[in-house]
Amino acid sequence: MQGIIAEIVAKYNYWIYVVLMMIGFYAMIGKRNLVKKLIGLNIFQTAIILFYVSTGVKRGGGIPIVDKHAALTHGIDPATVVNPLPHVLMLTAIVVGVSVTGVALAVLLRVYREYGTLEEDEILEKIGK
Amino acid sequence: MKQVQERARTRAVGESLIIQTAVRLMVPFIQLFGLYVIVHGHYSPGGGFQGGVILGASFILTAVAFDLQTSLKRFSERTNAIMGNAGVLLYTGVGLLCALLGGLFLDYSALVRIIPMDPVEWRSLGIFLVEVGVGLAVMSIMASLYWDLSSRGELDEGL
Amino acid sequence: MAYVHSIWPLAAVLLPLLATVPIMLSGRSPNLRESWTLLAGGGMFAIVASMLPTVLAGGGFVLTLAEVVPGVPIQLRVDALGMFFALVASFLWIFTSVYSIGYMRALEEHDQTRYFASFAVAIAATIGVAFSANLLTLYLFYEVLSLSTYPLVTHEQNAEARASGRKYLTYILGTSIGLVLPAMLIVYQLTGTLDFTHGGILAGKASPATLSLLLLLFVLGFAKAGVMPFHGWLPAAMVAPTPVSAFLHGVAVVKVGVFSILRVVFDIFGPDLLRSLDLGVALTYFVSITILFASLVALTQDNLKRRLAYSTIGQLSYMILGAGMVSAAGMTGGVLHIAMHAFGKITLFFCAGAIYVASHKKYISEMDGLGRKMPITYAAFFLGALSIIGMPPLGGFLSKWNLLVGAVQSHQMVLVAVLLGSSLLNAAYFFPIIYRGFFAPAPAGEAREGIREAPLFCLLPLSVTALCSLLLFFYPTVFLQLVQRALFP
Amino acid sequence: MTTSNLHIYILAAPLLGAFAVNLLGRLSRRWVAPLTLGVLGYATIAALVVLARVLRDGTISYTVGNWRPPFGIELVIDPLGALMLLLISAVALTATFSSLTSIERELPGREHLFFTMYLLLIAGLTGLALTGDAFNLYVLLEITSITTYGLIAMGRGRAPLASFNYIIMGSIGACFYLLGVGYLYLLTGTLNMADIARILQGLQETAALATAFAFILVGLWIKMAFFPLHSWLPTAYTQAPSGASVMIAPLMTKVTVFLMIRVIFSIFTPTYAFFHHPGVQAGIVWAAALAIVCASALALAQRDLKRMLTYIIVAEVGYMVGGVWLANTQGMTGAILHIVNDALMTLCLFLAAAAIIYRTGSLGFDSLQGLYRRMPITMAAFTVGAFSMIGIPPTAGFFSKWYLLLGGIEASQWGYVAALVFSSLVNAVLFFRIIEIAYFRTGEAGHGHGHAVVRVEEAPLMMLAPLVLAALALIAVGFGSGPLVNGVIRLAIPGGF
C-alpha cells in the first residue's frame, strides 16, 4: 500500500492525465449527446497534450528563450531551460485538435439540420422509423 | 449625441454601445499586435500561428460585438477565402521555389539565385515569408470557422 | 522427353478464346456467329492434330507465359497424356458445336450468343487444362472452366436453373478453393515446385499421414470428377440444355476433373509412391463405393438425363480406379476409359437431346415405342450404351478389359467383383430404355404423328460419335500409343 | 542523402493543386477538372520515375530545408514507400476521372470545395508514404483523416452522423498513436524513426516500450478498421458521396496497413515486434482470423452492394494484418502484395458501384436486376473485380492470397489459413449472388424466351474508362505478380526473420 501511494505521489502528473483521459473517454462513450461526446474528445486530446508538455519539464528549468549573443558566446546549459520540443510539437497537436473540433462542429450542424436534435437516442429513433 | 442615443435605442438586445465603441477602438491595435507577432515570429517567441490567431480574433471580436454582417462588410467571405488559400500557396510556394532553384524543399539559402544576398539573410527572410503565409492562412481559417459555425454555414445573422 | 519451345499450345488455347469476340459481335447474324464457332472448332482440332505426330514420336512442346510465383510459371506443355485428352476434347467439340446449332435452333432458345461465347471459353479452358505444365496452370484453367460453364448451366434462367447454378458453383468452387488450393499450397510448401514430373515430386517429402491427407484433398477437391460425396452438382446441372450436358458430361467438365486427378496421381504423387504407401488400394476402395452406389441410383431415375448423369458419376470413378491400381494394365485402362467413355456418353446425351427435340419428352417411362419412330437415334443410343457397358465390339470393352486385367494383376478380387457387378448394373439401367423404345407398345390415346427424327444437325453428330465408338474398338492404336507414351516413356 | 527534388514534387503537386483548385475554381468551375487531373497525372509519372530510381539506387533519404536528421524532418523513400507512392497516385488518378463526373451531379456548384479536400487527402496520403518522422506521421495521419471526415460528411442522409462517429473513433485512434509516440519520445528523446530504432536497441526490456508499441498498434488498428475496431467504417464509406468513396475506400485502410508495416520495420524492428513478447504474434494472427471470419459473415447479411463491399474491406484488413503478423517472408510478401491488389480490387468494385449508382440511383440488390443487359461493360469489369476478390486466377487477388496462405502454412497458423479459405468461399457466395441477380434476373415476369429488348445505358465514358482500366490492371498485375514480387516487394522486406 505504502509503495503504491509513493508511486502515485512520485508521478502524480501522469495520474492526473490518466484521470483526465478517462473522463474524456467516459464522455465519449457514456454521454448520449453528440456535443458532449465532442467535448469528451477534446478533454481526451488535452490530456495527451498536457502529458507531452510535462515531459519537457525540468526541475529548475527556465523559459527556453535565450539571448542570442549570450548563447553564441557562452553556449546554453541544457539544465537551465525546459525542453521546448514537446511544446512545439503540441502546438501542432493543438492545431490538429482545433481542426478536428472545427470539422466535427460543422458536421454536427449538418446532423442537427438533418434530424433536428443532437441527442443520439432521438436520432437513432428517427433513423429507425 | 442625439444620433448616438437614437442608435442605442434601436439596437438589438445584447448589443451595447460601450462594447461596440471599445471594440472599434481595440481592433486596430489587436491587428497591429497580430502583425507584430507574425513579423517577429521567426527569431523571437511568436510566429505565424499565434499572429494569425490574433488577427483572426480581431474579426471574431467585430462579429461578436456588432453582428456577422458588419464584420463581413469589412472583410468579405470571398476575400477571406482567397487570402487563406493565398497564404498556403505562399508557404508551399516558397518551399517549392527553393526546390525549383536547385536547393532542397524549404532550403531558403537556394533563393540566393533570385536576389544575391547573404544565404544566412535569405534563410531569415525565407522563414519570414513562410510565417506570413501561415499567418494569413490561420487568420482566414479562424475567421471563417467562427462565421460558418455561428451562422450554421449560411453567413446571415450569426449569434 | 525433349520439349520444343513452340507457340502452338498457346494457339490452341487462344483460338477459341479469341473466337468469343467475333461470336459476341456477330450476335445479330446467327449464321455468321455459328460459322465462327465451327471455324474455331475446326482450327483448334487442326492445331491439336498437327502436334500429334511429334508427341507420338516422343517429343513435346512447351511455352512459358509468365513466372507468377517463384518456381511456378504459367506454362503450357504438350505431353502424351495432355495430348490424349486434348485430342478427345477438341475432336468432340466439333460435333458438339454442330449439334448445339441444330438443338438450339430447333428449340428456338434465347441468348444463343451468350451460349456460344461461353461454350468457346469452356473449350479453351479444357484444352488449357490438358496442356498445363504445372498444377497452378491447371488450377487456373480449371477455375476458368468452372466459371465459363456457369452461364451454361443457368441458361434457362428460371428458378430451377438458378438453384442448380448455385449448387453447381457451390460444389465446384467450394471444393476447388476449399480443398485443392490448400492442398496445392502444401505441396508447394513441401517441394518448392508444382511442375508435373513423370514419377511425381512428392516422394520422400512428407509423412504418410500428410500424403494421405493431400491425396484425399485432391481427389475430393477436383469435384468435377464427381467422386462421392461431392457428386451432387452433376444431376442438378442437368437442367442445362442438352448439348451442354453432352459437353459437360461427355467431354469437358467431368473429364477435366478426372484428368486433373490422374495428373496429380501420376505426376505429383507418382505411382511408385502410391504403391509404396498402399495409398492406391485405399483410393480404389474409396472410389468403388461411388461406382456401385451411383449405378444403383441410376437404376431408380426416370428422367433420362438424370439417369445418364448418375451413370457418368459411376463411370468417372472407373478412371480413378484404374489409376489407383498402379498396375500397368489398370492405369492404361483408366486413361483409355476417358476417351471411350467420352465417345459413348456424348452419343447417349446427343440421343437424349434428339429425343427431346423431336418429342419434348424427358422421362423414360414416356418413351415407349419411340424407337420405331426414330430408328437412327435409337440405334446410336444402343451403340453408346453397349460401349459404356463394355461389350465388344465397342471401344468401352477395351478399357474395361484393361481394368479387369489390372485388377487381376494386382490381386484385388474385390475390385474384379466391383467391375463386373457394375457392368451388370450398367446393363440393367440401359437395356430397359432400348427395350421400351423398340418393343414396348406406344401408349394408347397419344398423338404421335408429328414425331420423327430430329433435324440433320442433331442427327449427324450422334451418328458419327456412335460410329466412332465402334471404330475405336478396331483402331485404338493412336490412343493406346499415347497412353503408353504417357505412362511408360 | 539526395539533392533531387522529384519526390517532394509528388507531395507538393497535390498540395499546391488543392489550393489552386480552390482559388481558380471560385472563378470558374472549368478549372477544376484539368487542374486536378494534371496534378495527379504529374504525380503518377513522377512516382513511376521515383520507383525506378529507388529500385536502381536503393533507399533515398531527403531532408526538408537541408536540416540534418535527426534534427530536421527526414523523408525516407524505400522500395516499399516508393511502391505505395505509385499506388496512391495511380489509384487516385484513376478514381478522379470517375469522381469528376459523379461529383458534378451529386454536389453541383461545390466541386472546387470537394476537390480541394480531395487533393489535400491525396497530399496527406503521399506524405504518409514518404515520411521518416514519427510525429510527422501523426500530423499527416490527421490531415488525411480530417479531409476524409469532410469528404464523407458531404454525402447525403446519414453521412454526417456516420462522419461524426468516424471523427470520434478516428481521433481516439490518432490520440493513441500520439500517446505511443510520446512514450517513445520519453524513452529516446528523438522523433526520427531511424534514430528511435537505433536508440531503442538497448532498451528492449522496458515496460514503457511495450506500452508505446501497444498504443501505436491499437491506434493504427482503429484507423485501419481492424475488427472489432471497425464499427465506424461501413456506414461512413457507404454514405460518402460516390466520388469520394472511389478514392477513400481503396486507399485509406491500405495506407494504414502500410503504416503498420512501416512502424514495425522502421521503429520497433521486426525482431522486437514479432518475437520479443511470446504469444502476442500468434494471438494477433488469431485475432486477424477472427476478424476475417466475422467481417465475412457480416458481409453476408447486407442487402446493399456498397455496404457489402465495405464489410469485405474490413475482412481484407484482417487478411493483411494477419499476413504481416505471420512473421515470415511469405506472409509479409502476401500482405504487401495484397495492399496493392486490394487497392486495385476495391477501386474496381467501387468504380463499378459509382457507375451503377450514376445510372440507377440505388445499390440495393433489387435494383441490380438485369444490369448485365443495361450496362454490360460496367458489369463485365465488376465481374473481374469480383473474381479477384474471390481469388480466382489469373486475377491479382489470387496471387496475394497465394502468398498469404503459403505464409500461414509455413507458420502452421491453420486457423488463419482456414479463415482465408472461408472468406474466399463467402466472397464467392456474395458476388455470385449479385452476378445471379444482375445477370439472370431480368426483372420481367417469367424467364422470357426470345430477346427482351433492353436499352443499353452505359455510364459516361469518364466513369467507364477508369473502370475498364482498373479491371485490366487486375489481370495485368495478376500476370505480372512474379516480377512485382521479385523486383519490388522482396526488396522492401528487410531480412532477419
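Letters A, B, C and D name the chains as they come in the text, with residue numbers starting at 1 for each one.
Convention: a contact is a pair of C-beta atoms (placed from the backbone, for glycine too) under 8 Å apart; a residue touches a chain by one contact, two chains touch by 3 or more.
Not measured: the values here are computed from a predicted model.
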Going only between touching chains, how few steps reach chain C from chain B? 2
Common touching chains of chain D and chain B: A
Sort out for me whether A-B or C-D is joined by the greater number of C-beta contact pairs. C-D
In whole angstrom, what separates the CA-based centres of chain C and chain D? 43
Inter-centroid spacing, chain B versus chain A (mean Cα positions, whole Å): 25
Centre-to-centre distance between chain D and chain A (centres being mean Cα positions), rounded to whole Å: 29
Distance between chain centroids, defined by C-alpha means - chain A, chain C (Å): 70
Quick one: which residues in chain A touch 2 or more of the other chains? 106
Going by the contact rule already set, what residues in chain B reach two or more other chains? none
Would you pick out the residues of chain C that each touch at least 2 other chains? none
Which chains touch which? A-B, A-D, B-D, C-D
In the complex with chain A, residue positions of chain D that touch it: 135, 138-139, 142, 146, 149-150, 153, 157-158, 160-161, 163-164, 167-168, 171-172, 174-175, 178-179, 182, 185-186, 191
Chain D contact footprint on chain C (complex, rising order): 65-70, 73-74, 108-110, 136, 139-140, 143-144, 147, 150-151, 154, 156-158, 161-162, 165-166, 169-170, 173-174, 177-178, 181-182, 185-186, 188-189
Which positions of chain A touch chain D when the two form their complex? 25, 28, 34, 37-38, 41, 44-45, 48, 51-52, 55, 86, 89, 92-93, 96, 99-100, 103-104, 106-108, 110-111, 114-115, 123, 127
So in the complex, which bits of chain D are touching chain C? 387, 390-394, 399, 402-403, 405-406, 409-410, 417, 421, 424-425, 428-429, 432, 436, 439-442, 446-451, 478-483, 485-486
Of all residues in chain A, those that touch chain B in their complex: 65, 68, 91, 95, 102, 105-106, 109, 113
